[in-house]
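Note sheet for the following structure.
Labels A, B, C, D and E are assigned to the chains in the order they are written; within every chain, residues are numbered from 1.
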Amino acid sequence: MNLVKSALLLAKKDLFSEWKTKQVLVTQIIFASLVIVVFSFAFDPSNNMTKAVIPGIIWVIIVFAGILGLNRSIVSEQRNDTMYALLVAPMEPAGIYLGKFIANFTMIMIVETIAIPFLFLLFDFNMAGSIPYFILIIFVGSFGFVSIGTFLAALAGNSKSSEMLLPLLLFPIASPVLIGVTQATRIVLSDMSKLSSALAWTQMVTSYDVIFFVISLFLIDYVLEV
Amino acid sequence: MNLVKSALLLAKKDLFSEWKTKQVLVTQIIFASLVIVVFSFAFDPSNNMTKAVIPGIIWVIIVFAGILGLNRSIVSEQRNDTMYALLVAPMEPAGIYLGKFIANFTMIMIVETIAIPFLFLLFDFNMAGSIPYFILIIFVGSFGFVSIGTFLAALAGNSKSSEMLLPLLLFPIASPVLIGVTQATRIVLSDMSKLSSALAWTQMVTSYDVIFFVISLFLIDYVLEV
Amino acid sequence: MSMNLEQEKPLLPDSPLSKSKSAYLPKVLLGSTIITMLTSIYFIFLYAEEEKTMGAAQKIFYFHVSSAWVAFFAFFITCLFSILFLVKRQRIYDTYAYVSAEIGVVFTIIVLTTGPIWAKSAWNTWWVWEPRLITTLILFFLYIAYIMIRQMDGVWDKKARLASVFGIIGFVDVPIVFFAIRWWQTKLHPVVFGEGSDQSGGGIAPSMLAALLISILAFTILYAYLLNKGVTLENLKIKVEQYKEKLRMDIEN
Amino acid sequence: MIEITKLTKQADNKLILRGIDIKVSKGETVAILGPNGAGKSTLLKIIAGLIKPTSGLVKMKGLDIKKDGFEIKKSIGYLPHASLLYDHYSPLENLVFFGKLYGVEQVEERAVQLVKEVGLSFFLHDPVKNFSRGMVQRIAIARAIIHDPEILLLDEPHTGLDQGAMTILNNVILTMKNKGTTTLMVTHDFKQAAEICDRIIIIKNGKLVDDFQVKDQSIELVTEKYARQLEGVS
Amino acid sequence: MIEITKLTKQADNKLILRGIDIKVSKGETVAILGPNGAGKSTLLKIIAGLIKPTSGLVKMKGLDIKKDGFEIKKSIGYLPHASLLYDHYSPLENLVFFGKLYGVEQVEERAVQLVKEVGLSFFLHDPVKNFSRGMVQRIAIARAIIHDPEILLLDEPHTGLDQGAMTILNNVILTMKNKGTTTLMVTHDFKQAAEICDRIIIIKNGKLVDDFQVKDQSIELVTEKYARQLEGVS
């Protein structure tokens, strides 16, 4: 299919240029670590209560580090108006969305595989739950977050100060996903007896993901119109 | 003095354009509110223990909302290379720094006067300590954060992706200020008996502020060279 | 073509230090590194007495403190050469600052790995949030940021200038790390030298002190060796770039 | 080839284009002249499908741009004021990427050849961000023609080019014209317009005010007609 | 007025300028010609004090740019490729801000008058971001001369201007010349160069290869000299 082909081409271009510079990825990872450190002195981690916020922190760092990458993926197309070049090319807007989504999703997965173990280490966290479920939930949550985020980044990109607008749009819309996965993460990390409830949350998030992904594919045409 | 005059002119221009659009301020305030709301989900505000995290939250919102504004204040000079126009004008780099500092500091003070009462309201916080001391500490902390932040924003502005580089530079360098004021805030908000320790922290932060402000005024020449 | 080369020579000056430096310095450094290292290992494992409570695990102390010291020293050198660079604007100073910062990062990583390993046996946890540990971690991130500035795109003098500025202001964290345990009341991280805020310096057995001093000396010489090697390597890289460009220009004209 | 009827464009309440009708047949080379702010760039953007007209019809190759936009896009080469290049990529990487996007076969060879044609083979692997204005413009031209478009839309393509590059550009346009490409070119340079175009359109204040054929590359005719239209306008 | 000796500029290992010596006396109008990537813009940036040379001396009004940069800056008007305007500000606000920065007296009147001169009084209060390329360039020119500089550095000032605006620009330059302003102008347009300049410098590959006076605005002389220097260069 042409759509997928051009999307892959675009994703390849983005990932290749990231591969050459590694700039965004490294920044995201360091940023995630720094957020962990900032939280550590804002909220005393030796306090036992803070152990309970680890699921929250996981998602906070994914969100904050993710926003950096999401914004960049669109802003990088604005220098020299290259976004126009994509728009006048025989490529559907949905292809642009898909391409950006693939690139962003790949990057955030890499960030997570590095930042989360680091977090566990620093907060001296002992895994009491199930790792496969945990990975599943991270995957589902990131998928939702990135698909919503890519769409909204394209929307915010129309503004001169998109890096400011993006969080404002993203937080409210992504909050169902984030609340859901935080709950699910909390359960699979500590209390496997409530697994069924975690699965229900995951299901809820998954359907939200799918709905949003499909809606985005349709609505992106209107967002990317000049 | 010419330095101060041109700095005021620049600050006036920035504040005036902000006055016309109110874009950055509104974004910062909404962003701060969103962070507060997110935290109120993460830490149950009715729980008495969470009162302990309020000083941390105050500084987390100042930092994150502040970064948005700091970055913008430099990036806004890059469109059409207006930064070059300032550099070829008969104006010392220190004047540019000072002007940007004044504008940023004014804006963050406005954000704080709105966001902090909102936070107290949401978390139903009863001030047990001293308000004048609290204001002093907020002032000293913001001064340090903004003076370091403006300087580093100018530094990061040389990079193509300054909004990503800025937090990496700013968090580590500003951390002594942040740690100090968080501790001091914690004390003056809850436990006035340890006031002397709070004052010691404030003193420490103040000297850090002054040192940095002076260093920045000297080193900005090297940063703004093209 | 040959005339061209003649003309351009003064514009691409050879780095002054790479030539004037005698060739035997690296060998001397390497030799003394090996000797002092071996001595320090002897002192650490055979000469110094064992600590009463921690036993053999305490041996890590010597590596821990020595590499922390070297990291501090490396960042001091970075700061010094950064200032020099801003004043003199010669590439060689920048190279020194850069290489030194890289070595400093490596030694900070050593501190940040030996620390937790030791902590696991001493405090039964990998990591605690305690002033010195936080400030050390921040120190690590500071110099990662320093290296990030060097990775920026642009011409070398811009990057060198910005990195120098950051190298200067970044150095403030080093004294903070050092005094962290002396200003704050710390529950865990021991103070050995000087006065702590709630405990006086713990003191140390003379044999341990001797071992410590020797290992610090060994690490410092190792640092000098690495610095020398690193700078030579960087200079070579720069040279290669210059020759490439020269070749390109000759083809062009 | 291109058929525009009653085209208007409004931005907020400002009428930028006020009813434009143009017909361009296959193989023609048309220059669009007009004072600053007349709406030339806006017209080109609409034809390229980048912005939507407020009202009116744009047809190319017999297809309506609203319905068959996708088909039409394949045959358009568009060069606006901006370069549309990725700064951190080299000319080769840029051209290969866009070539692939348009489904060009043997992209690499074509890209290398184009870079050579615009006289920058020497900079084939340098990132575009270090290029001078004229060098960027040369690569931007190469980008616009990478897929051998049937319709070429050029917005002040001579900007920043030195004399050599202008000759190259004119040759490229003429070669493509011989292959049957239709070209619309916005320009302020009467000399170039008279030299390579067979027809000239003058736009003023969002309206088409003149439309005539050029004979014998006579620059005088152009100057005269332009002056007559723009009388009284600064 | 301007005295440049042995100026070189190196970006990484690439030599952009390789030893340039120029002397320009007060009141001269000098055009700088040269192929793309020759280093013309870089030269102008150095004179404007925007970037530092790798080696060599730049003196203006008898002052060394390294030491008395501040004094010199007051008397320089610089127009680079970019417009140096605040997008969301109107022409008036832009000009008033820059006027104040340069300590111009009665800024408002001067600004209004300048906008009128470049023929955009009608857009006095519209934000610059909606302007067309040529309109932006007109305001950019006004910005560069707001403080009546003694030295004017123009980098391809005719870009995007229509015929009317070109005449305006040329008049402005000539008026300022009569007031004793020294002008350095980079351009690719021989016609304009011959028309308004008394002296022409050709730069090629970072070196000054020719330097001659223009007589009787003869464009032929310029073309011929340029062609002779650039023989064999694309």
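In this section, contacts are C-beta pairs under 8 Å (C-beta built on N, C-alpha and C of every residue); 3 or more make two chains touch, one makes a residue touch a chain.
Since we're looking at a predicted model, the values are computed, not measured.
Asker: Work out which chains are contact partners of both subunit A and subunit E.
Answerer: Where subunit A and subunit E share a partner, that partner set is B, C, D.
Asker: How many degrees of rotation bring the Cα atoms of subunit A onto the matching Cα atoms of subunit B, given to the nearest 5?
Answerer: Resulting rotation angle: about 180 degrees.
Asker: Considering B-E alongside A-C, which chain pair is linked by more C-beta pairs in contact?
Answerer: Counting C-beta pairs in contact for A-C and B-E gives the edge to B-E.
Asker: Round to the nearest whole Å and give the separation of the Cα centres of subunit A and subunit D.
Answerer: Distance between chain centres: 40 Å.
Asker: For subunit B versus subunit C, what separation do you get between their C-alpha means, in angstrom?
Answerer: The computed centroid separation for subunit B versus subunit C comes out at 32 Å.
Asker: Report the inter-centroid distance (CA atoms only) between subunit C and subunit E in whole Å.
Answerer: Result: the chain centres lie 48 Å from each other.
Asker: Could you say which residues in subunit A touch two or more other chains, in rising order?
Answerer: 21, 23, 27, 30, 34, 37, 41, 79, 160
Asker: Return the residues of subunit D touching two or more other chains; collapse runs of consecutive numbers into ranges.
Answerer: Each of 87-88 in subunit D touches at least two other chains.
Asker: Which residue numbers or ranges of subunit C touch two or more of the other chains?
Answerer: Residues 134, 138, 141, 144-145, 148, 153, 252 of subunit C touch two or more partner chains.
Asker: Write out the stretch or stretches of subunit B touching subunit A in their complex.
Answerer: 23-24, 27-28, 30-31, 34, 38, 41-43, 49, 52-53, 55-57, 59-60, 63, 68, 71-72, 79, 160-161, 163-165, 167-168, 171-172, 175, 178-179, 182
Asker: Under the touch definition given earlier, write down the residues of subunit A that touch subunit C in their complex.
Answerer: 21, 23, 26-27, 30, 33-34, 37, 40-41, 44-46, 121-124
Asker: Name, in rising order, each residue of subunit B that touches subunit C in their complex.
Answerer: 155, 158-160, 165, 168-169, 171-173, 175-176, 179, 211-212, 215, 219, 222-223, 225
Asker: Taking the complex as given, what residues does subunit D use to touch subunit E?
Answerer: Listed in rising order, the residues of subunit D that touch subunit E are 11, 34-38, 41, 81, 119, 130-135, 137-138, 156, 159-166, 168, 188, 190, 226, 230, 233-234.
Asker: For the complex, which residues does subunit E have touching subunit B?
Answerer: These residues of subunit E touch subunit B: 45, 48-52, 70-71, 73-74, 76, 78, 80, 82-89, 97-98, 100-103, 143.
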